[in-house]
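Scroll down for the structure; my scribbles are underneath it.
In order of appearance the chains are A, B and C, and numbering begins at 1 in each one.
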Amino acid sequence: MAKYILKRIGYSIVTLFVLITLTFFMMRLLPGDPFTGEKQLPEKTMEALNAKYGLDKPLVTQYIMYLGNCLHGDLGLSLNTNRPVTTIISESFAYSFDLGIRAVIMAFVLGVLLGSIAAIKRGKATDTVCMLVALIGVSVPSFIVAAVLQYYLGLQPYLASNKTVQLFAVTGWGPANSKILPVFALAFGSLAQISRLMRTSMLDVLGQDYIKTAKAKGLSQGAIIWKHAIRNAIMPVVTVLGPITASVLTGAFVVENVFAIPGLGRYFVQGIQNYDYTMISGTTIFYGAFLIIANLVVDLAYGFIDPRVKLEEG
Amino acid sequence: MPKNLNNKVLSVKNLHVSFDTYAGEVQAVRGVTFDLHEGEVLAIVGESGCGKSVTAQTIMKLNPMPPARIPEGEVVLGEHDIVNATEKEMQKLRGKDVSMIFQDPMTCLNPTKKVGKQIVEAIVHHTHMSRAEAKEEAIKCLTQVNIPNPEERAQQYPHEFSGGMRQRAMIAMALSCNPKVLIADEPTTALDVTIQAQIMDLLAEIKEQINTAIILITHDLGVVASMADRVAVMYAGKIVETGTCEDIFYRNAHPYTQALLKSLPSVDADKKDRLVSIAGSPPDLLDPPKGCGFAARCTRCMHICREEQPPEFTVSDGHTASCWLLHEDCPSPEERGEKDV
Amino acid sequence: MANIGKIDKSRFGWVGADPEHREGLSRPSITYWRDAMKRLAKNRVALVCLIIIVLLILACALLPLFSSFSSREQHLAETNKGFFFQCQDDRYEGKNLVHIFGTDKLGRDMWTRTFEGGRVSLMIAFAAVFINLIIGMIYGGVSGYFGGVVDNIMMRIVEVVNGIPYLIVVVLLMLVLPKGIFTMVVAYATVGWTGMARLVRGQALSLKNQEFVVAAEAMGARPARIIARHLLPNALSVIIINVTLAVPSAIFTEAFLSYIGLGVPVPQPSWGMLAQEGAAVFQVYPSKLWIPAIAISITMLSFNLLGDGLRDAFDPRLRR
């Protein structure tokens, strides 16, 4: 087990290192330097700025400096707002995290439920309906879901009732009714993916011999599903929680924009649109580190849930 | 322990089982009749696909219905009518009155549950024992099947058990509620030869110790000889011959039984005697033959065999076979024009 | 004992075994591929999806050619018009032309833009998936075939690449490279090949120990030949399924990138660009988002369903 944990941690560190390196050199590849903006700065200022950010030193030195800064949590100043990227992240990520964690939980719980129901009722109308919903989920991009939900469930009822009844708030992130639509829009795709995976996995488990053994013991259908099938069928779903977290996090770029939630995704997209390179590279590294750690946690959690992993890997 | 062979625990009469598939109705079992008495070991022998497992699973109603169907016949376990029992009633019977061990112990235990827990589950379901009592009972069961360090073993997961040990655990689980009937569906097929012998010895030991009747399903006639009281040979969904071990091995009357025995390797056989395989394969039960199911592969087949199903003929007391050759009007081989192929 | 009447002796005449009928269980043998195709042909949903995909591709390839308007041509007098709007631009006076899907905020014909956008989106998706396929097959084939240390190192690399969130890398690449279709393909292919590589490697590992490969090796075939002639064709079914399911994810990526402002350069239309423009005016002109949204969704849905159908057809375990 210890070996397994160490191996996973080792991979994560290497991956993070590769990501930081990649980001650094990509940013250096950008045409021009960060200070050749629209208005021409005086030469003195340019030199001062270049010295301040170490841009006058050789590339290798810059790279080592950059690595060191990343380790200290210094991701530079946003070119647009002139505020430290770390500050922006720490302010805005709370919203993104709140939104994301709700979406992941919703996707997982509902996805597992929907997939299980579909598998148990295989071939019946319930199955067809569940899988149709899931299919729509994997086939409609989240920004479309977000825009449609915002308009038809948020804005239209509000306007139709002469601005008296507001079922769901259309923008912001505060009261409960402002959270439902964004969370759902963000979770829908992952929910669909999980339910499809869960259905396959559940069907696979239900066909296993040990389910027959449980039935031969005299257990009821409910007890078999609850005590034997679900737990085993969930394992493959747990392994995709890492990628699901990633897709929720990137999906948030869009959903936060649609619903005007002041999260990190929104700043990231704004950074892209304003060519705010330090903001982009800083956020990229932060996102990367976050997802790598999330993956690590999922992997380790899987090692604890599935008793078979210990023997094989440890 | 004295055994009372008159105490009937299971009676199967003219059982038919069909599966509705997209290609049509597969008649997997086509009229099987047998009785099982307390403490008796009945072996059901036959090629794969002959309906022996389906018969066994129908006794516990383990086949999902649909696609499975019982168009005809009755199964009486103790005083319970299985064919008409509801799922609720079956849940009380399964594991308590009749239990089953399966072919592959590697896949029959839930890999994510501790072995002890899986046994406790069965005990708690059928008795009023508390979990702690059930745990003790489970350990007793593990001891009974000769698993060393049962307390420790009960806390382990199936992957920490060897194949033979898993099958022992399966047997312990099956016996945990003292069932009247134990169905062993090819219990040694997936195991190494040496382990096979150990498991068979264990079953023989259990047979001596308790009064549980055993249905032993196998395609291996060698396994049968050592412990069966009676043998039923199945072919194409029917029992073609039944009798004691001696009847089947030395006084067999059905060409299929004879062919099956000829295909069995034996140590003391003459070197000249070659193993004879049975050419062909069992008939498609989607569209079963009109006459005897074995007719197309039988070297002694006659006209009538292809036209009419043979009834059951009594060879001697307790020994029956379904073959037209046994009919009183059947003339001698010379008169039939039989040639040795 | 059954009680039957006397039976005529003639009926007991010996006939012996019947070699023609004794193979009871064997049904007419069909090859794996024909069997799979037969099952696919029975799957009506998958067939309909296949037809939709073919029609979509044809429409995107041909319709813009026959359209009276070009996708970049602006009719500034008739912006944001609805369906079947009669064109009043002087250039087309008296021709009685209709903007079938209406016009966008610059008065460009939505019908032309939708299908030309589809052409771009599909082209990006197909090219990206194709490149992934090539890289993945070579990488996975080599890794799986050679095994041992080579496999170990190559798979570690895959693991690291896989650990980097792909959309973030794509975003980075899109920033660095000049905007355009080619960049999108490169960006997607840089990180997208790992899945295919893993898949092919798994197939190669399981196939390479089978007798026919050992036989080819024994006869002195070179590794490249064995990979190309023996391993890949056998892994083909898995690859086809995967490719079909990779197309919607590429289409999604294109739409996503366009939406956050990293799409193809204006005025080039693509479904993602159209969706982005549509989303901006959605609350006033819903159809401007609905058209690309439906196009994207139908395409993704069709590919997903076709992929499911192919999987059911190729995977005999799911045989019902």
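Throughout what follows, a residue touches a chain if its C-beta (ideal position, glycine included) is under 8 Å from a C-beta of that chain, and two chains touch if they have at least 3 such contacts.
Here the structure is a predicted model, which means the values were calculated and not measured.
If you compare A-B with B-C, the chain pair joined by more contacting C-beta pairs is B-C. Each chain gets a centre from the mean of its Cα atoms; the one farthest from the centre of chain A is B. Of all chains displayed, C has the C-alpha centre closest to the centre of the whole protein C-alpha set. Per-chain CA centroids place chain A at a distance of 25 Å from chain C.
Chain A and chain B have centres, each the mean of its CA atoms, that are 54 Å apart. The mean-CA centres of chain B and chain C are about 49 angstrom from one another, to the nearest whole unit. Within chain B, not a single residue touches two or more of the remaining chains. On the side of chain C, the complex with chain A involves touching residues 159-160, 163-169, 171-173, 175-176, 248, 252, 255-256, 259-262, 275, 279, 282-283, 286, 289, 293, 296-297, 300-301, 304-305.
Chain B makes touch with chain A in their complex at residues 60, 62, 87, 90-96, 99-100, 102, 104, 107-113, 121-122, 125-126, 157, 159-160, 170, 173-174.
Across the interface of their complex, chain C is touched by residues 22, 49, 279-284, 289, 295-307, 311-314, 324, 327, 329-331, 333, 335-339, 341 of chain B. Chain contact summary for the complex, chain C toward chain B: residues 1-2, 4, 6-7, 9-19, 21-27, 320. Interface residues of chain A, counted against chain B in their complex, comprise 208-210, 212-221, 223, 227-228, 231-232, 235, 306-308, 311.
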